[in-house]
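Once you scroll down, you'll see the structures, which are given as structure tokens.
Below are two complexes that have chain A in common, paired first with chain B and then with chain C.
The block that comes next holds the complex of A and B.
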């Protein structure tokens, strides 16, 4: 909670740091004179700064992010309409990258310095340096333009009116390339992390004990090493949710995926300030909640840690 | 099996060398392990080549990266190695000049962030108590702020400028360094050699600078090198959204142009993207080697 407050104060400071009248940032760019007079009174712009801050905080906490002139709708409604598409993309990428990442990371971490390890490590290090939006462009060039296997952009085929199962399949067809881009860029992190952690855990005494007991290597790696490696891995994945959101925003831009990232770009291009600030606050709060959730998960997974 | 035996011997080697030389991770063994990493040479070569390209871009680039011509959207040829873009600008020269912005943003922001992080982490770890509590709360706030989105908002509100991007990145990367350094100092403070130095009456400031900091440096440097790559990616992402500094050539901005022409001009996308990837890869290869070299727990 104090963290959320800190982020809100930060946005408030930013609004006032910007050159020009803050009312355009708070209330949007495109209203008439009467509207601005009303909004100035609402945010108390003639009052001292501390009071302005309190009014701003109250408005935001009540879910009042202002009005978007670009979309002719309250900002909150515009944002809520875009969340499902982003969640679909992010959820798919997070699930795929976590499962594949644990698999590949354990595979390489338990066989360090083998050929397989070297190849996968080199690949992940390379993918780690690839900007996700460029990966998207490459996938479009190869799989959408040259091979014509997948649609280039969007979430549904506009000209065909699919319903039911065909609608679902159509969305999946559109989802494939963006999801692959985002999965690959997340995967690199998860593989590297899992590999390092599994390697570290394999050097611990209890692993030596397990081996000494004559347990098969597979059991040692899966039941002893991976299980203990899961903790730090879960933590880092949870703490890197901001990275996933950034990746999703950029991926959506490349594939014209109708989610929050796409909305962010349009808000930027149209200087739709209330919308922009709201997306920023939403992202920051999501990251904070994800961190909190990760901490709770950590205590639940690891009986040694108990918060009071 | 053969690899297995070798790894066993390795771990014994590593542990004896640590116990012989004792406390400092910044020991000859570190450099030995660092140099032995096969990736180091590759990474350093990449980076050296990039620095040379960035410094000499004016001399070696065949064309002015801003010069437009009527050779519009022409594929790679001898005259234009990487082809030309929609305004007839030479992509090859653009890629060379783009190295400047990326390296500048990457290294300057990582450097400034490391300085801030070392000071804050050092103060927190060394003084402990209330100072530590206060600084760590501050660190937590900066740690959760989503860097890319903050940079985006700042650039939209305050206008796009390369130094503004560097500033935002510097102000959002330091928490990692501060945390790493604080944790290191907390473990170092109770080491025998530090206690011994204090027992013979060495001044506190000298203990901090001579005995504690050098031991804590490796993770800080590793962290800094990771930040270089990450910062380069953030700048590229901002420029890709059209929010980069319009007065400089940036790989991200070139990819932004390329987006509309993916149907007709793959070269506009492929080469700048490849440049970003190789740069970040080079930096991360070095960072990776540093991590492997200084972490004796991994030496198996």
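The block that comes next holds the complex of A and C.
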């Protein structure tokens, strides 16, 4: 709770420090001084900053996140409308990168320095180095334009009105490329970490015992080594949620995916303070919850860990 | 486990392919030139409009949509001459102080209510004159009242003769909104702002934030036979490259502005038509204009300004930075404003020799490092490439240009509000009449912390007087003479550096026709069905 408050105050100060005034975007060009003064008073932008901060905090406690300047709608409404789209994209990317990451990491960790290890490492690191929006554009060129397997933009096809199962398939069809972009851009993290921890664990005594017992290699790696290697990986995955949100912002822009990341970008450029504040709070709270969740997961995975 | 996943994936893939296959419909192409009814046009739009009330904002994205749903009293043709829209005829009193409009009878709002002069009066008094930046600033000083003697007549009365009224009354500058919906409400926040009801060719269906806006044909539109299209969908695609690719693929049909590097590729695509326009929902006849800070050195000296202007190879900039999207500017009024544009001005051709000589004369000799002086170019990041090109050109005459590239908001703040700059830049749109968009750069009363005002700080009482004179006449020939004098004086004084009269490219699928160069109206667009 105090953490959230600190985030709120810091964000408020930072946003207002940035040069730029939302009034000129809001009110349009070509007006005269009287017009802008009026508009500023209307939006409450002419009050001194500390007063604005206090008013905002009081409002938030009552669940009122204010009105978005650019959308002329309650902020909460604007954000809630976009959450499903972002959840879908981020959730898919998180799931895919976790599964693929664990898979590839275990493979390379149990066969270090082989050709397979080298090839996978090289590929994942190269892809990691490519900025996610460029990666998105590349995928568009190859899979949407040359091969025509997937559409270029949006969440659903705008010309057709699908319902039911066809709607779901249409969404999946549109989800493929953005999810793959986002996944690939974060994959290397999980792969490398898994590889390292698996290797480490495979060198430990209990593994030698398991092998000595005559257990098949697959059982040794999966049931004994991986289980123990999961601990640091879980932490990284928890952190990834924050990274995915920023990556999602760029991916959503390239693929015209109607999510929160894009909303964050346009709110920043438009200096839509109420909307920006609310999105930052949402991100902060999500990261805090994610960390809480990974901490709890720790205790389940490792009975030796207990919290007071 | 693995094989079940494979089966699921395979089925999904197969079904997806099936879907895409079903999307392609075989049709017989119609190559006649007669417009026919039917079809859906998908238009790419880079940003969410936020609000769909055209009277409280001048924002491009709002107007891109609302210009299709509403009407103005008049419409403007490709030469910016007024033609009937909601008004069928008009007359100007002899002294130029009263404009009488006769309104079309039988016009209905899209909810079935009848349109009348009360809507016009309400639109101005409770909407435009309170919340629309351009109308408020431009009309409040001169308008004395709006009278409605009967349901089909509106009279605008002015304190002094006012020439440019008709150019301020089209749907882009003054959309007429329904009084029966907005009366007594807060126009800035009313929920009706998200479900607009107009008199225009298309009616509002839905607005899915961040995704798209759907409009469909208004079957009771007062222009018989129009619109031709059944549906108009605005798809929100923030990235311009993605929008262009979507156009090539057929996911969208119309793109308002094509990024320079994509132009030649689209030109070679037979399924896409490219045209150059000069007007639209955000502003017409725009000129990219450099803004020197006249209140301090070095730009306070005329010789320095003249040298600077001659050191720029504007033809090169047009070809390589603007990808030929426009024409080199010659002065403060765009060539496209054909009645007011005057070529009889002082010209500044590209000449490093003249520039060097003038700078020596002005007392700025070259230093030991070859530089005469340093100026900082403060701009929005969209002008970054222009800055880089200019820097190279200015090196030849010993001017060191430092580039300060900020986001749009911060750049506007620094140049116009804080006035902490040497050289800025803005795309100033002339508007439908010089009174709307040209005057504001040059009159001394418009110097202040306002964006897109007289940012250079130019003070010339003669110019102030000339602009007032030009606005006070209703005779275009007379006004043209005054503007000619203005252009001559301004090119002599050179308070700003006009670079390019921009004319962006629109691109659309070749199966569509009926688009305009001077505006973004889709009223007459039609699909050949191919």
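What we mean here is this: the second predicted complex is superposed on the first by the 261 of 308 C-alpha atoms of A that agree within 3 Å, B and C clash if a C-alpha of one lies under 4 Å from a C-alpha of the other, contacts with A are read in each partner's own complex, and residues count from 1 in each chain.
The criterion applied here is as follows: a residue touches a chain if its C-beta (ideal position, glycine included) is under 8 Å from a C-beta of that chain, and two chains touch if they have at least 3 such contacts.
Owing to the predicted nature of the structure, the values given are computational and were not obtained by experimental measurement.
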Item to complete: Once the structures are superposed on A, label A:56 by its partner contacts, choosing first (chain B), second (chain C), both or neither.
Response: neither
Worksheet entry | Which of chain B and chain C A:12 touches, first, second, both or neither | neither
Discussion item. After the superposition on A, what does A:264 contact: first (chain B), second (chain C), both or neither?
Written reply: first
Practice prompt. Go through the superposed model and pick first if A:291 touches only chain B, second if only chain C, both, or neither.
Written response: first
Fill in: Contacts of A:3 with chain B and chain C, given as first, second, both or neither
first
Practice prompt. Could you tell me if A:72 is touching chain B, chain C, both of them or neither one (first, second, both, neither)?
Written response: second
Practice prompt. Could you say whether A:145 touches chain B, chain C, both of them, or neither, answering first, second, both or neither?
Written response: both
Worksheet item: Which partner does A:137 reach: the first (chain B), the second (chain C), both, or neither?
Response: both
Worksheet item: Now for A:254: first (chain B), second (chain C), both, or neither, which partner does it touch?
Response: both
Item to complete: Once the two structures are superposed, pull the chain A residues common to the chain B and chain C interfaces.
Response: 18-19, 25, 137, 140-141, 145, 253-254, 265, 269, 271
Response to the item:
Per the touch rule above, chain C residues touching chain A in the complex are 12, 15-17, 19-20, 23, 40, 42, 47-48, 50-51, 57-59, 132-134, 136-138, 188-189, 193-194, 208-212, 233, 235-239, 241-243, 245-246, 248-249, 251, 406-410, 412-414, 417, 436-437, 440, 446, 448-452
Item to complete: In the complex, go through chain A and note every residue touching chain B.
Response: 2-3, 6-7, 10-11, 14-15, 17-19, 25, 111-114, 125-126, 128-131, 133-134, 137-138, 140-141, 145, 196, 199-200, 202-203, 242, 245-246, 249-250, 253-254, 264-265, 268-269, 271, 273, 276-277, 279-280, 283-284, 287-288, 291
Discussion item. Under the stated contact criterion, what part of chain B meets chain A in this complex?
Written reply: 3, 7, 11, 39, 137, 140-141, 144-150, 152-154, 156-159, 229, 233, 236-237, 240-243, 252, 255, 258-259, 262-263, 266, 269-270, 272-273, 276-281, 283-285, 288, 297-298, 300
Worksheet entry | Residues on chain A engaged by chain C in the complex (per definition of touch) | 18-22, 24-33, 35-36, 42, 67-68, 70-73, 78, 81-82, 85, 137, 140-141, 144-145, 148-149, 151-160, 166, 169-170, 172-173, 253-256, 258-259, 262-263, 265-266, 269-271
